Each structure stands twice: as structure tokens, then as C-alpha cells.
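Note that chain A is present in both complexes that follow, paired respectively with chain B and with chain C.
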Partner chain A sequence: MGSFRISPSMAVVAVLIILTLLGAWRYDGFLGTYNVQTVLRYNSMFALVALGMCFVIMTGGIDLSVGSVAALSSVVAAHLSHYGLFPGLMGGLCAGLLAGTLNALIITRLKILPFIATLATMLAASGTALLLANNQSVSVSYETYFTNLGQGDLLSFMRPEWVDADDAGILGGVIGFILSFPTPAFIALAAYIAGAIVINHTAFGRHVLAVGGGTEASRLMGLPVDRTIFLVYVISGGMAGMAGVILASQFGAGQPIEGIGWELFAIASVVVGGTLLTGGNGSIGGTLAGALLLGIIFTILNFENGMGWISLSAYWQSVVRGLFLFVVVVLQAKLSRSAQAA
Partner chain B sequence: MTAITKSFGGVPALSEASLEVMPAEIMALVGQNGAGKSTMIKIINGAYVHDSGTIAFNGAPWTAGSPQQAQRAGISTIFQEINLIGYRSVAENIFLGREPKRSFGLLDWTRMNTQAAALLARFDVNVDVRAPLDRFSTAIQQMVAIARAVSFDARLVIMDEPTSSLDEAEVSVLLRTIQQLKSEGVAVIFVSHKLDELYKVCDRVTIMRDGRTVAVSAMKDISKLQLVASMLGRDLAEVKKKGATAFEGGGSKIGGELLTAEHVSIGHRVHDASLDIRRGEIVGLAGLLGSGRTETARAIFAADRKTSGSIRFDGQTAEYNGPADAIAAGMGYCSEDRKTQGIVPGMSVAENLTLALMPALTRSGMLDEARQREVVERFIKEIGIKCSGPNQKIRELSGGNQQKVLLARWLCMNPKLLILDEPTRGIDVGAKAEIQNLIRRLANEGLGVLMISSELEEIVEGANRVFVLREGRTVAQLDHENITEGDVMHAMAHGHNG
Partner chain C sequence: MTTAVEQKPNRLRRFDRAAFFQRYGVGLALILLIAFNLAVTPNFATSQTLAVNLTQVCTIVIVGVGMTLVIATGGIDLSVGSLMAIAGALSPMFFTGQLIPLPNLYVGIALGIVIPILIAGMFGLFNGWLITKFSIQPIIATLVLFIAGRGIAQVSTNGDLQVFKVPEFQAIAIGRVLGVPFQVWIMLIIVAVAAFVLHRTVFGRQVLAVGGNEAAARLSGIPVNRIKFLVYMICGMCSGVAGLIVIAMNSAADANLIGLGMELDAIAAVVVGGTLLSGGRATIIGTLLGALVIQLVRYTLLANGVPDPAALVVKAGLIVLAVWLQRQEQA
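Entry: the complex of A and B
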């Protein structure tokens, strides 16, 4: 009691650090600006989707629609990007929020199980994306700065020249790193900070965990159970929408067939991050670490291929990633059992 | 079976309990919650293995390794919650696991259906055996469960509260079925809290309390009052003494009407429950298990819908859509099931205490954590919650301290009425007295309290007035001066004032 206790989400942070050190030791340029930028830029989409999923899973629910909602949002954003950055951004975001609202309505009003409700939305959103895109990718506007959302580096305009000089030193390196932080990673980071504040410091956030920890107990103490469940699906839809906007911006086109399997990636990030699938307990920071871990494993496998000693096909990469997930989840289960016993 | 002992993690559930049933005998098995009935049943049917003692079945020593083995040997159990498969047909449910087959392992549907129909006809049940089971009423489903038991050539059928969710007509059909079983030479162990039923069909009764068998008697040799007294562990001579003396002076502060519930009914469970509570008054709600106490409380709190009847609270008609409305009107409810309907186990003491209060603690969207801490610390001190600090997880606390947190959860919202369902169940003696005194203190400050308890002592000593429910009806109202354990028991047993 009161003594130091290892929380399950620490397992993922530990593995994350070990893998990062391993990568830095084994591969040239693993912690170089270019690689870090690429990893962060690409994985910020997944991180956003995982954040939304984390809210849903904390209530004991699940959102299978995130991948195809992101695809739909990317198409909507690409279409609207020709009217400017803002319409593109808002269009994609709203498409996601709308899909989330649809999920929320089906689940709270019609009392349909989240698994089924979001499965239906997943299929419907995918079809809508293909219809809106005419079954091909929709190119975005390159005149409206829309592509900066996904491809730009938010602070690069204020980069002083001395940072890139050879004698810039550690300070220069740190400042350089911050200034080369990609825009989508800033968006994801901001979302995670906001998410952590909401969960830990607002009534809504505590209600999310209470509903997941005991739905009947929550109802009997008069908590707005339905409203809480409603909102988490809207949040998840919004995060998927934002991920779709970044997807369109980063790849220069709305991608109606992207997003397949994203929901599983997101669920994996959440679970690896120490959030219980049954709800009631979880960690926003752990989810971020989980998403980063999956991204880093992917990068390491790429580097390994690049070194030319072994060559892993994409299929084998999936197998290796699956094994890693398994190890982390087992480790985590052990930790949480010993925490229970304490 | 004799001298059966069974412990769970050092806590004895049964200590030297015994039970004896003759062929073609209907034996009633009664006792309060926690008396050990369920454990006893589960040992007979092989779900548990006993620690010591001997069991004989058909004259030979016997240990059931599993419910399947017990069933094959001729012991079938029918649980309160029907454990059949609702989506499958009636016939399939009867023959699941031993389906009649034709050559090549194919199912013989014709034989299955005719045999099923023939079996059910023995109990005067004529239904389409090909229809899914869940299309039929609970009573029919129960018959199907009995037919399944009989089809195993059961020599002993155990029924655990089979009538608790049946209406009167259905009950009489079920009781006929039980007598039919008896006439075929089958022994029956019948668990029920409805005394009238027991007297109607049972030959003998075994009464259990605190894991022991306290009495065995022929049904016709024991009065209802004696039966209730020995279930509750009360001496008939002693119960004549007056209660309520412990709280003399409490009554002087009772104010005006707070809640009036009239002719409330809820499905099959409650038919005509009426009660009223005044400000500053502790009203006890007594009754045997299954008498509709919890159901009535939940209907008042709008956790379940009432089918009919009227409730007035605080001068207004109480037509609420859910607990949130009831809470807004000034009610609080501590459920009897602390673990699943009370605490949120993974959360801290502070959070469990303030979850319902959070909207009031929120300033411009953010939780005011300084005020939250203030509230939590005040209540921890005021009602003496023993914990290492506000951040300790509530599941690490003792039952008594968990209950105090739940009480504080409501108290911090300044309720007018607190409904307490078994507030001291599973709580050790010291903490129990603390909680009882706390409840009294709160009532003296003007809070109305509705207290459900299976412990007569708690009701008699703690309440200003007592309402007694029996099979879903209010059968007695006992005032301050008249409350004795004897009176309450009499009403529970006979349905009217002695």
C-alpha cells in the first residue's frame, strides 16, 4: 500500500525504450532527423485513430469503423481541398464526426451492440468512400497549402541556420529536432495532451472510466451513461476523420481503399498500452506508447531488410509484429496480475 | 448426507451440515442468504467437492465428480435461472447430449420429437416441441427442465427456487408436477422462500442457518412462526421483548410526509406494495427473500419501472425516467450488491465518493480537484472511513469501509431520502455498529431512510416503523411502540398482524 507499483502500461514503455536503443545501436541513421521525421509523420495517423479507440474501449465498447471512416474522410477532404486548406480540413473532420454520431445513435438509441453497429458503419463508410471517389484515388489541391497538413513541418519557418551547422552541438540538435517535428505529429501530440486532460481532469473523463468499470453502478448513481457512451463514439469518429485528412494531405490524394486493418492496429495499440478491453481502466499515455511501439517495430524490420542480411517479405513482417504484440501482451498480463495480488 | 463441511479460502460455508431425503419424499430446504443452501446443493450435484463428511446415495457411499456424473447417476438439478438454450427447440433441449441417432450418426428428429412430446404430456404440458424454447413462458421452460431431468431417469430432483419468477397459475402447475414426480417415486429437494408453497407440497423441512442444519421436522409438526424463527435464529420466547428502545428520543424529531408509495406493482414480483416515509424517520422494510423488498426499493428509485401504482416524493408525483431523475429530486440508493452495483472497483476512494457529485465539482469544464479533495477529506474524517488515503483503490478496502464510501457518495449530495438495501450485509460486527449509528445520526438530522434488512434485530432496533412485505404485498405496518421481532416474524409468516 502506497509503495511503488509497476503499472501494466510501463511494460510497453520499457519495451519501447529497449527497441529504440537497440535500433540506435544497430542501424545508422535510426535516430537521424530524416528517419525520426518519417516515423512520426507516418504513424501520427495511427496514433490519432488509436486515441479515439482508447476512449471507446475505456467504456467497454469497440469501434470497428475507424479505418473506413478515415478512408471516407480522406476522400471528402481531398475533394474539398480545392476550396482551401480550411474547407478540406473541416470537411474531413466533419465526415468523421458524422460517422461517429451515426455509431453513437445506433448504439445508444437502438441499443445495438457496438461490435455490430460499427461493423455496419464500417461497410457503409467504405462504400460511400468508393462512391464519392468514383472508385479511384482523388488528388488533392497543391495550391491551397492543404498538403502542408500532412507533409509540412510546423515550425520549420523559424529554423535558424546555425542549427544545421556542424558545430551546433547538443543544444542545436535538440532545437533542430523540435523545429523539424512534422505537422501531423504536432496534431497528434496536441490531441493526446487534450485527451489525457479530458480523461484525468474532467467529469466526462471520469465518467468514461466509471461507465466502463461498472455500467449498472454508474446508472444507479445517476451518471449520464448514454451521453457518455454517445460522446466516445463521436470522439472516435472525429479522430478517424482527422487521420483521414492527414492521410489525404500526406499522400496527395484521397484514398478510398486505405484504412483496411487500421481498426485492428488501433485496438492493438490500446491494449498493448495497458487499457483493459473490458473497460474501466486505461491509459492515454500507454496508448501513445503502444502506437509508437508498433511503428518502431515496423521501422526496425525495414532497416533489417535494408541491411541486406535477411530479407523479410511483408508477410513475414506481419508475423514478426504479431509475435511482438503477443510478447508485450503476455508481459502486461503478468504485470497486472502481480499488481492485483499486491 | 451427514456432517458435511466445506470452506472457501478458510471461510466455512458449511460446517457439519446434514440433509436426508427418502425416496418419493418432497423435502423443503430453507434458510436465509448465506445459510449454506446453495453450497449444499452444489455438493450434492457435483459442482463442489466437500472437505469432510459422508454422502450416501441409494444406500451406497457416493461422491459426484461432476454435475454430468451426478446427472447420469440420477441426480438432476433445476436452477432458478433456467440453464437451457433458448434458441434451440424444446425437444433438442430435452435431449441435448444424448440425441437419438439413426445410422451414420445422423439425428433421428422424428424419434426425438415424439419422445419429447410424450415426456411433456406426462406433466400435462402440450406444446409444439419443435418450437424454440424461449418462445414459451418461464413456467413451461421450467417444465422442460424437469422433463429433461426425468428423461435421465432421475431418482432425485433438486429445485432451487423454481417458483420465484412464476405467477400464481404457473406455480400451481409446477406444484402439480412436483407431486407427479413424487408419485413416480422420485425424491425432490425443494428450495423456496414462499412458505405457503412449502406447506402445500412438502413432506418434511430441513432448516439451515450459518452453514449448519438447525432443524429437521415434518411439515405438519412445525408452525410457520416456528419455521421463520429457526431460520432467523431467534428464540420464540425471547422475541416478545420490545425493540426500538435503543433509539428512544429519535422519534421526537420526525417531521412531515416525505415519500408515499401506494399499490405499487412490478411484473410478477410485486403485486401491491404500499409504504410511506416521513422526514427524519427510519422505516424498515422486512420480508423473506423473494418477498419483493429490493424490487420495491428499485422501483421507488426508478431503477426499474413499476407496472402500476403511484409514488409521491417531497410533495410531488414521482414519475421518473431513471435513477438520474430520482437523484435530482433528492434520493440516494445503496444497492444490496455492493460489488457490481455499488463500487467501481478499479477507481480510488476519492473518485468513488465523488462520481455522482462531479457535475457540481466542475468549473468551466474542468474538475475542481481542490474542492474534490476537500469534500473527500471531510467525509473520510466525518464518517471515519479507514483508508491509506483518498487515492487508495476502493477494492482494497474492507466491506464496511466500502459501504461508508458509498454512504458518503450520497451524503455529499445532501439527499432527502436514502434507500439502503442490506446496508450491513457482509460487514464485520464493529463496522456494522458504526454504520447503524451513522444511519441513526443522519435521521436525527432530518434525513428520511428506507432500510431493507434480512436481520430482524437490525430492523427492530433501528427502525421507527416497519413495513412487512410478503409475496409482493404489504401485509403489515408496525409502529414504533409495537415493533417486536415476534410481530415482524408473525407478519412474515402469516401475512397479517398477530
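Entry: the complex of A and C
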């Protein structure tokens, strides 16, 4: 002990920074307002889902339902958006929380494996979403500010004029950069900060990690195991619900068939971010970096194509993402093996 | 494993409701569904209905057979849908002569069937390699190909729809032998062979032993790693076959859609069929019946005017019920 160890989540943050710097150096407009907004706006949904997944995985569980729960929430939010921003937001969120509660009940009361319980909820949520949406996308209201949640830029009204001047300098650039963040990015950021505080500084956070480290041991120690497991699935459902609200708001419609494969994308983000699937440890910051890393690959491919040197279709992004996951899991396996040997 | 029964033979004589439902529940559900349909659904007892329902489950059952073997070892394979896409996307390149010039059509069709299945099997070996060599959990190891596999299929076709009209190839799905679609024969043969292998051969016993208790299996000299390699390879090849059937049915290959969501359908069939997710006990016939029950429930609802999405909700309930019954027996 005592020697400096590179944790997997630090490594992924480093890779993310390197890729961002590489992009900024290589491509014009990579850190420009438009590109940053597009990347953050779209990926904040995945980041939210990945955050909920991170909580679940830290207890040693898994939540396959997040994608279709997000789709369900987007439909509910779109229907309710006609009554105003707040009903739309709360409706979508509550739909997610309800689905999460259903997962939690099946897992803790019926004692069914999370994998199967959430698989069933996935089907049920997907069916409910299609029923509520009558098999088509549900357009949101454009008169109630609901679309601002996904399409707006929260702090753009605060933007002082001088940051856009030619002589604004680095400070102006940084301030302008941050003020141009889209609303969903702030929602995701707030959720991640709250998540990090909960995990690191609350009793519940310690319980989450303890349950993941050893369920039986935690039970014997008198920790509220079932309540902890219950709550993480509710949190995951809530995050998926929020992602659904943003989805509806961003695309102007509730999308009952969106969300296919989101769950696996979220799992990949969590794993790439350095959280072990066996539970008991994990990194909230690493998960955010993992989600952004998987998202940024698409942007880099796009820009690289724009340079004209290579021409790779958009389909390469899944190949590259898969490769990333491959490298990360193999490295993790080697790291944990050498840690055991030491 | 059947230890509970062997230790207490007198339990056999008493009627154990949970064990009864566990063992015969799927078959019972199937019989009830058929009886209900005979009474209620118009035109149910026709060969048309039978053919429709069987062709709907064919690919799910074929993939489900591979999945059953994987789950029997305590694993899981999320990559099946992507492997279907790879096989389905590659096959037309051979029999349309896009890749290599063909001496005649039948050589092309043979290549277009054999090579994609072998490639899907190789990807299955890759899954096995990750799982055994690096001790990565199966769900994560196969997630790699779940994500990358469809990308590989899309990249190799540039995401384009490949339309073809080769009746000789399409015969593997829509041709009929004795009035039964050829794909149903393929399904039945695969089910019969797999059931024989699982229950009557050393390999089958070893598969179950690995899933029952891996450490014990290793200590008793069972080549655990080789068994795992083999089941993931078989699962990959089953996915390949299913991918070919899908494109033969559609007379088109769309890498974006072939096998989408198949992993969940196959797992659902396996679970409803009564195979333990933790491994060690598996039933191929159960998987066939599980897939049939899920399909027949959907058909029953649709035929009686219930919208398709509602059938999804019912399917969810079925899965929970099946697993809950399993638990009752274990408890």
C-alpha cells in the first residue's frame, strides 16, 4: 500500500479529457457553442439513465427497464404538457418513479432476480407506453414552455454581451462556454452532484455500497437491505422518467418506441466509468465520464469524416463503442486479478 | 439439480403443488390456451393458424435453444440479436455473387448458408473467450458484441437494405415439406438434437454440472472452460441459423432490424419454459413450450380484439409468474 494507484474511473476521466483536447486541437468548432450544445443536449438523457443505473449496479443489481420506462414517461409527459410545464414534468417523473416502484416491489417482495423483474417491467412499460400513445408519437404542447426543458438554454438570459466580444479573452470564453450549456445538461449535472453527495456523504449511500459488497453480511449487520434495494430501483426509475421528460421536450413528441437499447448503453457507461458489475464499489463521476465518452465518439467520428481523410459511416460508432467496452472490461479484469494477486 | 427430490423420496408420493406447476406448468398452460382458443376463437383449428403461430416462434425457439444451453451453465448471452444481424447481412453477399464470382447458384447458396453460421459461431467463441480467459461476467462480456455486433453488420452492408429474389435460398424458410414450412422442420430438428444432447450425452451432463456448481465441476475434472466455449459457440451458431431464416422469410436483409430485441424474447422463452436462470437445471422442450405459450397468449389476445401492446403487458406478467413459481419450489 501507499503507492499511487490509478483507479479505473480516473483513467476514463483522463481518456475523456485527452479525447476532448484532441478534438479541440484537430477540428474547428469542436468546442464551439453549437457542437457543445448538441452533444450535451442529446447525451444528458443517457447520462441521467446511467446515473440511476449506477446506483442499481452498486447494489449488485441491474435495471433493464430504463429504456422503455423513459419511453413511457415521454408519452405521459407529452400528454400532460398541454396542461403546462409543471404537470408535464411531474407526470413524466411520476411515471418513472412508479415503474421503479414496481421493479422494487417485484424484487424485494417476490424475491425475483433483478434481471428478470426489470425485464418484465421493460415489456410492461413498453406495452403501456404504446397503449397510452395509441401506437404513434404524441406531440407535446408548444404553448406551455414545456419544450424549454429539452430545447432551452437555462442560463442564456444571463449571458453578458462582453463575452461574445472579440477581446473577451480566456475568462470570457470560459464563462460564455458554461452559460451556453443547454437546460438538460444542467438537470443532469444537478442530478450527478446530488448523486455524488448521496453516495459519499449519507447513510443511505454507505448502505448502497455495503449491500453491493455483501448482501448477507449487510443483513446480519442489521442494515435495512430491502429498503436500500427498494430505493435504488425507485431512483433508477425516477432518472429514467426525467430522461423521458427531456426526450419528449427535446423532440417535441412523446416517443413510445424510443429507448430500445438504452439500458445496455447505460450499463456500458457505468462499466466504462469504472464501476464493477458485482457491486460494492463505484464511481458517480466515472459514470458521467463514461456516458460522455461513449457519446463523444459519435461526434469525433462525425468531425473526422468532415475532414475528408477517412469516410466512416455513422454505423462505425457502435463498433467503436463496443471496442471501448471490450478494452475497458479486459483491463478491469486484469487489474482486479493483479490486485488479488498482490 | 434434482437433489431435493432424491433426498426425500417420500415427497414424491405426496402431491407437491409447487413442484407440479414447476414441472408441468408450461405444458398445462399451453393445453389450457389451446382449449380456450378452440372454444372461443373462430377458425382456430385450421392449418393456417398453426402455420402462422409456428413460423412466428421458429426463430425465437432456435435462438432459445442456444440460450438454454448458455443459461444452463449459469451464463447469459445478450449478443444473439446482433449475431443474427451479422449472419443475415453477410449471407446475401455470397449467394448474390457480390463477394466472389460463383460457378453456380447452388454453390453460392451453400456458401451463403455455411459461412455466416460459422462466422456467428466464431463470434460466439469470442464471447466464450472473454468469459473464460478474463473471468468477465457473461452479461458484460456479451454486451460487447451486443453493441459492436450490430455495428459490424451495418458497416458491412453500409446500413443498406439488401433485397434479393432467390427462391432456392428462400426455401429454407418458406418452402414446405409435408405441408409444414421448412423452417418449422429446422426448428424441430434443432430442438430434438439439443434435447438429446442435453439429457442423454456426457456433454449435456457436463453443461448442467458447470451450471450447478462450477467449482465442484472443475474439481471433478470437467473441462469447464471448454464447455463454456462450446455453449457460447453453439448459441452463436443457433443465432446464425435464425438470422438466415429471417432474411429468407423477408427476401431482404436489413442489418438494422434483424434480430432486434431477440435476446429478450429468447430469455423470456427460456425462463417461462422452466430453466433455472442460475444454471444447473435446463429443459429444451420447456423452452419450446415457453415460446409457444408466449406466442399463443399473444395470438389469443390479438384474435379476440385486444391490442398488441396489451399483449406485452400480459407477457411481462407471465414471466414474473413463471419465475415466481420457480422460487416457490426452491423455497
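Assume the second predicted complex is superposed on the first by the 325 of 342 C-alpha atoms of A that agree within 3 Å, B and C clash if a C-alpha of one lies under 4 Å from a C-alpha of the other, contacts with A are read in each partner's own complex, and residues count from 1 in each chain.
Note that a contact is a pair of C-beta atoms (placed from the backbone, for glycine too) under 8 Å apart; a residue touches a chain by one contact, two chains touch by 3 or more.
Bear in mind that the values here come from a model prediction, so they are computed numbers and not experimental data.
After overlaying the two complexes on the shared chain, residue contacts for A:His207 are found with chain B alone; chain C is out of touch.
In the superposed model, A:Asn135 makes contact with chain C only, not with chain B. A count of residues in chain A touched by chain B and by chain C gives the higher number to C.
When both complexes are overlaid on chain A, the residue A:Lys334 reaches chain C alone and has no touch with chain B. Of the two partner chains placed by the overlay, only chain C lies in contact with A:Lys111; chain B stays clear of it.
In the superposition on chain A, A:Ile62 makes contact with chain C only, not with chain B. Residue contacts after overlaying the shared chain place A:Ala217 against chain B, while chain C stays out of touching range. No residue of chain A is contacted both by chain B in one complex and by chain C in the other. If you check the complex, the residues on chain A that touch chain C are 62, 64, 106, 110-113, 115-117, 119-124, 126-131, 135, 260, 264-265, 267-268, 271, 277-278, 313-323, 325-326, 329-330, 333-334, 337. Taken together, the chain C residues at the contact with chain A in this complex read 76, 78, 130, 134-137, 139-141, 143-152, 154-155, 158-159, 260-261, 264, 267-268, 271, 277, 307-313, 315-317, 319-320, 323-324, 327.
Residue ranges of chain A in contact with chain B, taken from their complex: 1-2, 201-203, 206-207, 209-210, 213-214, 216-224, 280-281. Contacts from chain B toward chain A in the complex involve residues 301, 303, 322-324, 326-328, 333, 335, 340-347, 351, 355-356, 358-359, 361-362, 365-367, 369, 388-389, 392, 396, 409.
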